[in-house]
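For reference, the structures are reproduced in the following blocks.
One chain, chain A, links the two complexes that follow: it is found with chain B in the first and with chain C in the second.
Entry: the complex of A and B
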């Protein structure tokens, strides 16, 4: 083997192994969701087989597959998940954008403490505050409601949204508003018409992060949503403990769970890196 | 157009006093230049006048109206900013129309004013282009047009010419000066370039560390600086300075103690001050070859003569320091042995840098 090819070969092998490690389970999940019981347990696992959609039918409660005693009927949970994640994302992004703007532009007393506090909310282990939430929510009648979970998800994401958006606003020169202000416009006009359009990418990235966290949220939902407001992850995990597990169904549900995340990631892939660096990339001036 | 008055204006950022108790009035139609080194509070002062910064204490008046706490949009000022001056997403004409639209002016009125600005600033070719495609000079012209078009009570310019290359800058200065006189705008222009200040201003306000060091006409600042900082900051080539010791016998310069004969009037003033040491300054243009009389003359060592354009300079050593003087254009090739300080233009400073009056 020519010596000069080695520098490419070794990274290629490393990346290849990593790809198998990262994508293997996903591939296995997708394939398994399409297999019937017999195929599912055959060894070695087959790559080519006749796809069987009964797992998906059970998940969505379609046809006779839904009549089976073990069918999960995930439609309700899916609707819960979508409503909660989307609402929580919209709220977190809206408030995070406003808070991020304030922190970027105004040196109010205690700003740095506020920023630290905002970020620290993300670091609290959910278990530590679960009991508190449980008590508060039952008093307020928010237990097992979508509203309750929307509030939780908004709260978890708000700190991060504030930080990411502050980073993006820091990248917009202050003169953008100052020009408008001295020329007879209000700050609200400048914010809405001039600054916001410049941070569209940042809003997309923030929304992506918030949605994915909200969609995957498990710890709070599993305690606070006992029946009606159960989200997809909670519902799926509760099925694994029951007798007579329908593996195809579980796998199909897993695929349903992964799809929105994948779509979202793909849509905002351009902005994700910016979001992870708190908007530092592409700054014109600090 | 308004008269602008600052009354004990201060702005603090935590421990830093960016503007420290400034009181001064700018007359209607006056071209004021705020001059000073980086970080001395020029921009902060300007932002206070515009309403972009809240004063920690003190008041701002436009004519009789106190505006200290009005929002920028209620002040009718125009400002050209140091870094970003135009909206990149708007064509030049829309940038100019921007302040007019804020006031809800009619389309015909806006068209008329754009045409007016286009004529004054010669913008015909670039009205339909976006700022990003224009050279810095044209961009600043358009920014000025947008500032002027709204006929502000005061025009604020924060280093508007610093991004423009040397040659075009001269031209812009000239145009700015004419325009300001023609329209009679009260103008506050910020710069750290003393040459720009001297060539533009009716009155220069020299600042340092948030305070006004001296305010006056360019001539006054040049001929009559209040302290060593002012003397040093203004004028190019810059002022010659040297330590001096004052005694009964006379004045000696530098470490070597080079004696110099000074007018009796000056010696009398130095004696009265009771100072033993201080500094002496002289501008290069007041340092010329001495005649027979060695009054106020210093010896020339290791001289080098050179010319910048038609001006001839002589650099020489005086007690270990380099001093600079001028030579007459018709002096020929022989170099003088002594250079003479014009007695009327010698500056005396205390060791703390305060100017000692000797007149």
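Entry: the complex of A and C
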């Protein structure tokens, strides 16, 4: 094991300092979400105080807090967010898997151009194309609908999904399909029953990434979802009322928002690292 | 005689109507290609077309007037636009350098095996998973000059309170700290993946040969993980160039318009002033820069691939 004889001191210091930087604001997010109005603005800022749940009550629109003008009442937005990001993730992963397989196994003309094109869709600044999505959506009757946002979320993740999945398929030896074909199975059978089960980890990793981006998508949604289809991040950004910004509520919403992503990430943590390596190794091999 | 026919042959005859690879390839590519083309081609053609018009989406009745490249020349001759490019450049440079130095160092430290590493690693990844808008508001709250916790720490160190978000120079660094906080985990993730991809025997061989840890890092680990690090660098560079959520939440582009990035200004032209024609031209300029940057990196990557 190559790293055994190195002193542990320096890595420990590096990780320690970094964890303070990473965790400090996270701690502050959780603390602030539990503070009442007085504690929020106290000087010096307090570490110990009696927790107050009104931020969370405002987020979910429970009890008296729901009557406040600036209370978000995020239930509708929560449903929107779940429906849009789950459907968008499923579609992006499904289509990305199919395209990734085709790009990995078949040398069709224009394949490399397609791969660059797929990657370049991630580079487009949302504001640059938003005006035209706006026009296009109103013509197609998709303005302010979940369907429209599902389309957008699928689109922003599709390139990434194709790339990561191609990398995983590159890691599966082509002999597997060849043997299956020789033995009289169809390619579709080999794809579905032999190759797909081998890249389950890759599918999980891809879904993880797509879900993070879908769940937090703000730039497109804030313009395209005006009332009906508002997602959580869009709702949160509007938590700036006449009385100023509702800090506790924003922080509470942040905590609520990050929980599903963090659980998901923890479950697929092994595959995430694999996904990134495979993606690049696959690329340099072509 | 019959037995002598290879198994594959008989099988192929047995399933004469098996779908050909060509068809499968087409079917598999179709959905992805359709969505990407729909979502890219239409806006791009419109973008190029509208960038030559004097047109506002708010006032379609007024009609549009073809003005050639005037939208471009007007934009590029305005000093305030160039200032936005300079500011964005400073921001991108600062934040990407900070993320990279910190991210690569931390990822290297995480190569050591210790108890609870997975848990620490996952916690270190958390900032990346937060909603960007929440991150912006959180840091704005912490950077508040009157009662923010950052200034509390500053006063503990014996300095006076700093006006973080009200002075352009400070605001730049405040947003860099927030952006680096959020996206260093991404660099750590990719760098870790890169380091794990290096065969352990190479490092062992170097160690047996008496190479110092520093030598092994700069001469073995870094060069071997270059392809992934380059991709991470490209993705972070482009994302930083596009950054506008954090500025929107933290400074609102202020004071004045001193902390507006290019993307932020584009959003303002398109959705506050509704100069659709001019916004299209601005978007085209931005896209040219981004595509140029990525072409350079793709070239670097393929070169790297060949060297391996």
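By our rule, the second predicted complex is superposed on the first by the 258 of 286 C-alpha atoms of A that agree within 3 Å, B and C clash if a C-alpha of one lies under 4 Å from a C-alpha of the other, contacts with A are read in each partner's own complex, and residues count from 1 in each chain.
Assume a residue touches a chain if its C-beta (ideal position, glycine included) is under 8 Å from a C-beta of that chain, and two chains touch if they have at least 3 such contacts.
Please read these numbers as outputs of a predicted model, since none were measured by experiment.
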Q: Look at A:253 in the shared chain and tell me whether it touches chain B only, chain C only, both, or neither; answer first, second, both or neither.
A: second
Q) Does the superposition put A:127 against chain B (first), chain C (second), both, or neither? A) second
Q) First (chain B), second (chain C), both or neither: which does A:194 touch? A) first
**Q.** Partner with the higher number of touched chain A residues, chain C or chain B
**A.** C
Q) Which holds for A:183: it touches chain B only (first), chain C only (second), both, or neither? A) both
Q: May I ask you to decide whether A:175 touches chain B, chain C, both, or neither, giving the answer as first, second, both or neither?
A: first
Q) Which of the two partners, first being chain B and second being chain C, lies in contact with A:51: first, second, both, or neither? A) neither
Q: Could you give the residue numbers on chain A that contact chain B in one complex and chain C in the other?
A: 181-186, 285
Q.
Under the stated contact criterion, what part of chain B meets chain A in this complex?
A. 13, 50-52, 71-73, 75, 77-79, 81, 83-85, 87, 98-99, 102-103, 146, 150
Q.
Quick check on the complex: what are the chain C residues that touch chain A?
A. 6-8, 10-12, 14-15, 18-19, 21, 24-25, 27-29, 31-33, 35-36, 39-40, 42-44, 46-47, 50, 57, 102, 105-106, 108-114, 118, 120-135, 137-139, 141-142, 146-149, 152, 181, 184-185, 189-190, 192-194, 196-197, 200, 203-204, 207, 213, 216, 227-228, 231, 235, 238, 241-242, 244-245, 249, 263, 266-267, 270-271, 276, 279-280, 283, 286-287, 290-291, 294, 298, 301, 304-305, 308
Q: State the interface residues of chain A toward chain B in the complex, per the touch definition above.
A: 107, 173, 175-176, 178-186, 194, 285
Q: Over in the complex, which chain A residues touch chain C? Could you list them?
A: 1-3, 5-6, 8, 10-12, 14-15, 18-19, 21-23, 25-26, 28-29, 32, 41-45, 94-96, 98-99, 101-103, 105-106, 108, 114, 116-136, 151-152, 154-155, 158-159, 162, 181-188, 191, 212, 215-216, 218-219, 223, 232-233, 236-237, 245, 247, 250-251, 253-254, 257-258, 261-262, 265-266, 269, 272-277, 280-281, 283-285
